[in-house]
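Presented below are the structures under discussion, each in the form of structure tokens.
Next, two complexes with chain A in common: one pairs it with chain B, the other with chain C.
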Partner chain A sequence: MAHPFLKKDDDLDEEDEYSPFLGIEKSAVLQEARVFNDPQLDSRRCSQAIIKLLYLLNQGETFTKIEATDVFFSVTKLFQSKDSGLRRLVYLMIKELSPCADEVIIVTSSLMKDMNSKIDMYRANAIRVLCRITDGTLLTQIERYLKQAIVDKNPVVASAALVSGIHILQSNPEIVRRWSNEVQEAIQSRAALVQFHALSLLHQIKQNDRLAINKLVTSLTKGVVRSPLAQCLLIRYASQAAQESSFNSQTGDRPFYDFLEACLRHKADMVTFEAARAITELSGVTNRELTPAITVLQLFLNSSKPVLRFAAIRTLNKVAMTHPLSISGCNIDMESLISDQNRSIATLAITTLLKTGNESSIDRLMKQITNFMSDIADEFKIVVVEAIRSLCLKFPLKYRSLMNFLSSILREEGGFEYKKAIVDSIVILIRDIPDAKENGLFHLCEFIEDCEFTYLSTQILHFLGNEGPKTSDPSKYIRYIYNRVVLENATVRAGAVSALAKFGAIVDSLKPRIFTLLKRCLFDSDDEVRDRATLYLNMLEGDVVGETGNDVKEFLFGSLNVPLANLESSLQNYVPSEESFDIHSVSKEVKSQTISEKKSQSKKANPLGAPSASLATHVDAYERLLSSIPEFSNFGLLFKSSDPVELTEAETEYAVNVVKHIYDEHIVFQYNCTNTISEQLLEDVSVVVDTSEAEEFSELLSKPLKSLHYDSPGQTFVAFEKPQGVSSTGNFSNTLKFIVKEVDPSTGESDEGVEDEYQLEDVEVTAADYMKKIGVSNFKNAWESIGDDCERIDEYGLGVRDSLKEAVSAVIDILGMQPCEGTEAVSNNSRSHTCLLSGVFIGNVKVLVRLSFGIDGPKQVAMKLAVRSEAEAVSDAIHEIVASG
Partner chain B sequence: MDSCPLVKNILLLDSEGRRVAVKYFSDDWATQGAKLAYEKSVFMKTLKTNARTEAEISMFDGFVVVYKFVNDLHFFVTAGEEENELILSSVLQGFFDAVALLLRNDVEKQIALENLDLILLCIDEIVDRGIILETDADTIAGKVATNGVDGSVPFSEQTISQALATAREHLARSLLK
Partner chain C sequence: MLLAVLFSNNDGNILVERFHGVPAEERLHWRSFLVKLGADNLKGAKNEELFVASHKSVYIVYTMIGDVCVYVVGKDEYDELALAEVIFVITTSVKDVCGKPPTERLFLDKYGRICLCLDEIVWKGMLENTEKERIKRLIRLKPPTEA
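After this line comes the complex of A and B, so read on.
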């Protein structure tokens, strides 16, 4: 890629492909650079050589250390030339070569001479070059000149010094701080850009002195700032200052708001936009404050310039997340943007409209989107599909038109990812909106009639097999499924056979028909299809007339009960012999990492898989595992399972993590253990728990693990009793006890074994363990509908915190609740924040929390906590959690 | 430099996405490969748009890019996604117009390569390590043109004979290669 032009040798004959750098080569150019050393400099030839060097560097060519040093030294000779054009190139070249410290010394004196030159252009450039390549030691020598340059009457020189100051401030702040008088003077400059650079530098010099900043901003907002760029900066500083002080003065008048509002009438678009954006980002902005900003943005929406339209719609899109109602006045303008040439603008317009839309406007919106969908790229379509999915969950009553929309785009052209996003959305809607089920299944049936993706076909068939038999008229799905058996490839045919069998097992009236269909499949050309058909026929045959046995249903609908990874490895190890493969020999122990893997994929995971969403898989897997243990069967419904908590350091002999399962009156610790020593076999593995720091808990039973082989994880359980419905907390210390046996890896024989112990880290049960993260779609409605009967409000000081962000996430973690409406995101530099949380507390009590945070100068954080729930005791409990956390 | 507007790169590519002149001001792209990959993806994503009359804008991978095309040259300016789009567009406009002035409205790849020194100096006068130096096309072109920075004669108002002289000088230079 370094010589893109060399590769074009074959079309040399094309006249317009001619380049002045055609066939250029590094070695030849380096040779040419020797002219720099001539005693009689030919400035034209020297310029030519430098341009060629710059060209090579720009194309990504690299010079070796020796080459670079060589070029650098010869370039320094060019300072002798009086040719100003050549001098400019020399400056550029020195910056590109970024010489090392001992080389810098060579040019220092030349550059310092230029810094004091009578020619402004030399002064400005020499300052920029010298400040770029120099280190701290030299700075003290040139500081005097830099201070002078800042107040130079030539604006280019002043800007060069100020911008260099901004860069030097990062590495040598103490030097630059001494310049504030000069910088202050430069702010008054009549040159626009000098004012901009001076303001930026002065603000950074004083950034830790809030009082000085406030004074600076206040005086400038009253004065005249000439450059639009400087005005934009001032707006940023003013809104920062406003954020910082808003928490203290809750009188209603927001400092600097009048200034921001006045900037909305500035003649430069960049300033009006900056001000409008700043207003929308004020924390806790009111609708009245928003209105003038929205009006400006609305005007931009109709601009002929794409950049303006984009900037406006992007800002409105953000406002829509927090204040959807305040921008409903722009809906008509945004609808016209759906057909915008710029697809980024169109997509932003759609997703904004989907957020602001109310129930009545959905139908009209859908009609417009339908036209738009045909001519945008798949990546944009996926964004739209996701927005529609969340809209549908927000307005379940509108499922019919949204579902129809999804099915119509499902029929159109599109790639796999896009189709998958649509199918996933339909499946989620079917799951969450019961009324939409039949309609949705029907759309999926239609889709597989003409689906080119085997993966999607088999997933849908599986889903149909699970959901279809439970509908009011299962028979209508049979035709769609059987069509697949006739028309598709072997993988899909096999999936269809399984789906048919499920209908046969559940719906007795359909059984004879299913039988006939399955019998036809016995003559299929593919082994797998024939095998499945034979298997299912035999299973269903047992009781053609009577009710199908539970084992059959269990076989068809239940999962294998063994982790697939374990089954796969057991099958690979199985040697064909007289003895048939025994599925019970497969280890049932879930590798804990497979669960965490699933979790990490949960966002992208396909919701069609066996039990729908993967989040559900996670919980379902636990539920199934626990209910298979008879001792736990009378504990009732599992309320919540925690994420695994590691109890050992990484890479120790035994790796153990714990999952806490919460029941109404019980708590079960599931210890997932892995033995990482190949020469050892552990037997009788159990965990001894000391509950002296957890008084409300009493140990009920412990379920040891018989044996723990190398690298195949196993679980041991300990169950406790606790008072009903109460969020008891405590600290549990754990010791792993086991009999360790030495194993000879070659023979597999083991010795007698000795008892041993291994200290694990403590497990803590906190109040957050009793809280299930359950979001609400419309917090305001939920908040009002729950009422203030059980409301509890109090204020807390949280002490000194790194940032507001850190404080907010700490409180969310302590409470273990679900943040709503994206309020967990705290914008940088904001001084106050409101966070909305929802959850379900043990005993199935719905809880809503509104947190208001504020941070002051020395990083002291204060918080107001308002809780509403369905029970007073729970509201109090939440306060207790915070008070003790 | 928390709240100062920052430019991450300025790119000038040809109609096949190859470099004419590029300058990176941030370390978001650490290697030459990352830079080339970014240029390719920007070029491909904007290729089909019509950015010839008005500057266009796009957002991807956490960057905002404004761009404008003329003849076989594609101009791009990139910044972080939180940047004020209009500030960015003023940088692009300054770059675009200054190049047009410097190339005497003959804005195409061939001429740009023949005057590569002017293009590189032009970028150097617009942004210094990410900080915007100047956005006014006349001033930029005036600083690049070798007759000094005192700005007594705005570049666009040079007399015909002056302009011709500069043009002749550049033409001669490229012929003498």
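After this line comes the complex of A and C, so read on.
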């Protein structure tokens, strides 16, 4: 060891920069550990060796099984030493080594001896170590001692046994459950920590016995709890019990509320806060119940301790989602937190204020936030931007100041994600608030003048091209767009050329000027920019050579009618030749997502609850695909496409899934088929559908697939007619029919083939297929604005259910509607719940649903269903769906 | 559950690292996350001033004591207030062992005793002891005075 430990009288200041572990090496330390085997033990050297081993372990150094076992055996020899400091280190070392060493059980006899020692501290430590290395069989041998230890008069021993019990409960619950009498006795201990540990263990032992928990909580709330930590546990258990017990809404009595309220006056902050939080989280909490808790949290907002301020604002932030008005009294205190040193606290304060603020306070709030934004990290800024976006959608009249704020922060420094969040917000506001359009477009124009992100510039140029020509004065955007052609990189220049062409196509008065500008682009240094300019010039001049204005617009504003991913792969596979690339050769099939893609998408769920962009693209792609098939062209507007439903098991010869496309009078099944056998070619692939269990549907046509090559998905379609405006349901059984040909993999030749068929799973059309999941940002407003003209209310018994949670999700599934404001989440074991749903029913009728559930002792679930919609027939239909479901 | 207790020096080098119930492959991520959090916020912080943050459902309370940064991470019942309690016990015990807010050198000199203190305070993700005097006695295998 290059730098041995310094003695106490060494001058620490001089050596300050050197670590006592400088140059430490595992091999040298293992060598040093041989001192454990000396016949005459030197406690000091042994302790130093252990500390070095600990340092290595704490630095993440790993020992091989042999090394660890060697050290472990040597360490056990140190039990001979009577030096208490060394013994304490030995206990720690055994615990650290036990996961990586073999034969740790060898130490059991020494530990058993210590466990029965007269020295209390040996007993406590031996219990902790034994529990770490023990297994089920050994545990039954030492159980007797552990039970005694739980009620030991020395609190350290009792705590050691109780905490061990908590850990053992995970692996051997049946053994620990037998200790409940002793644990019950330990709860009465005068030692605060023993009481804390005993309460935690007893609650875990009895967690499935609601009655016992209720009894435990009731007795303790009346008794004395010494440790604040135990009191916090008790508050949690009491609030859990309160959630599970029935709330008497008539008398307003809520079990344990008085206890929780009394805890608000406890002298420990920890307890006061826990009680306040518990009250705010009670289901269906009333304003009267909330008031004392909010008062406590308000006091904490001004605490000198950052942890308390953080805890309070975090809790108020949650309350703001459900009871924004009840905390508006804290607004001034929260405003002072905007300048808090701790940025987490400041961000929480702002996002809470944005939820509780009213229309009149927005301007003042914006001023404060402006100062705050400059000194927080981007991830906090994104949270604030999202909150401002929600606020603007809530108070559309205030768009001017909120939009100005967004544009001012857009001009400041920031990373890509932050800037993208702001641009996305402005785009959403332009889309949802028509008045904000011109103002928003102008801000985006200013932003691209100095934007360092190519992606954002091109996105904005595309958006400007689509929206700019429809404004009152389109000419003012031209300058900003043309500047990009002069000053930017090739990608942005190409985007700008496309945007210019769109202005030329829509606004006739601008056409000559656009021509001039596009002609200048013909001399651009980049091929793509020149190509685009040439193409657009020819197109815009096209009316001379026969192309109509509509064709041009369709080309500029329409889509390619093929999924971009397919186009990309076809272009990559295209080999330059005499034959030019034909876009019609690109497959229009929408590839179903892989599981990993689905997962990554679900992680990035849109916080606003709006359908994500990729989902929209998916639906667009379906729409394009279907409209390109002439047989379906007279079906009208596509109302909804379902998610793909698998009709085969994974890893079968043929993988088939179906997408249900719903029209007003028709339904089309799109069967996506994949052939997974390389030696086979399938031809004339179709699906034969039996509609005997779907009487209201009659098959109109079937569109077979010509050929299905190995691993190259294709589609076949079957279309049905159904009565208009009726949500017909039924069960369809499917058989895949085809001619199978054997293919020689070396030559690619195939034989004549034989007819074959393959049974697929049934597909069901349910009422939920006629409902689009469309959320609303403010359910209450939407509910009131739709009015009660077409309201229908009824009550239903849902029978015996496992839990309320299960009943709620079953009803949501039957209706296929979008849960609003997070009301699909049901807290565990709650007795009543209200769920809010919104959607659009076939015929484009907006529907809102308010579901109130209740569950009684024998788990009978009752439900009150209130429906409001724009049409009486639809409100009735929703009731019929529930009644028949 | 107390997910992690971590000590680092000013430069972000780990001095002690104890994880409970955190998969091995996530530890490196946590370590760098915490060290970055400290680097962003603890520069120029007052001695023992508490900082708090939350990341998804996990809470983090951290502070600076002498030249050493201390981080505790918890979830569920170990929320920001419980963690404040834990970090208070840890910092007072470390100060007690070192006799003052430690320099890195002093911390490493008292490494063994600090490890023992941690062993008394947190055991497999649960808070076990909270009193400085008691911990001081326990690490020397002396029974607590109240016994």
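Please note the rule applied: the second predicted complex is superposed on the first by the 722 of 885 C-alpha atoms of A that agree within 3 Å, B and C clash if a C-alpha of one lies under 4 Å from a C-alpha of the other, contacts with A are read in each partner's own complex, and residues count from 1 in each chain.
Everything below uses one rule, namely that a residue touches a chain if its C-beta (ideal position, glycine included) is under 8 Å from a C-beta of that chain, and two chains touch if they have at least 3 such contacts.
This one's a predicted model, so the numbers in the text were calculated from it and none came from an experiment.
In this superposed model built on chain A, chain B and chain C take up the same space, so to speak, and clash.
Touch criterion not met for A:R210: it reaches neither chain B nor chain C.
Of the two partner chains, chain B is the only one touched by A:S304; chain C is not. Contact with chain B, but none with chain C, is seen for A:R44 once the two complexes are overlaid on the shared chain. Of the two partner chains, both chain B and chain C are touched by A:C232. When the two complexes are overlaid on their common chain A, residue A:N154 makes contact with chain B and with chain C alike. Applying the stated contact rule after C-alpha superposition, one finds that A:K703 touches neither chain B nor chain C.
Contacts of A:Q240 after superposition: chain B is touched, whereas chain C is not reached.
Once the two complexes are laid over each other on the shared chain, residue contacts for A:R128 go to chain B and to chain C alike. Shared interface residues of chain A (contacting chain B in one complex, chain C in the other): 16, 18-21, 47, 50-51, 54-55, 58-60, 84-85, 88-89, 92, 95, 119-121, 128, 132, 154, 156, 159-160, 163, 166-167, 193, 197, 229, 232-233, 236, 269-270, 273-274, 305-308, 310-311, 314, 342, 344. Interface residues of chain A, counted against chain B in their complex, comprise 1, 4, 16, 18-21, 44, 47-48, 50-51, 54-55, 58-60, 62, 84-85, 88-89, 92, 95, 119-121, 124, 128, 132, 154, 156, 159-160, 163-164, 166-167, 170, 193, 196-197, 200, 203-204, 207, 228-229, 232-233, 236-237, 240, 269-270, 273-274, 277, 304-308, 310-311, 314, 341-342, 344, 829. On chain A, the positions that touch chain C within their shared complex are 5-6, 12, 15-21, 47, 50-51, 54-55, 58-60, 84-85, 87-89, 92, 95, 119-122, 125, 128, 132, 153-156, 159-160, 163, 166-167, 191, 193, 197, 229, 232-233, 236, 269-270, 273-274, 305-308, 310-311, 314, 342-345, 377.
In the complex of the two chains, the chain B residues touching chain A come out as 1-5, 18-19, 21-22, 32, 35-36, 49-50, 54-59, 66, 84-90, 110, 113-114, 116-117, 120-121, 124, 128-129, 131-135, 143, 146, 148-150, 173-174, 176-177.
Of all residues in chain C, those touching chain A in their complex are 14-18, 40-41, 49-54, 61, 77, 79-85, 103-106, 108-109, 111-112, 115-116, 119, 123-124, 126-130, 134, 138-144, 146-147.
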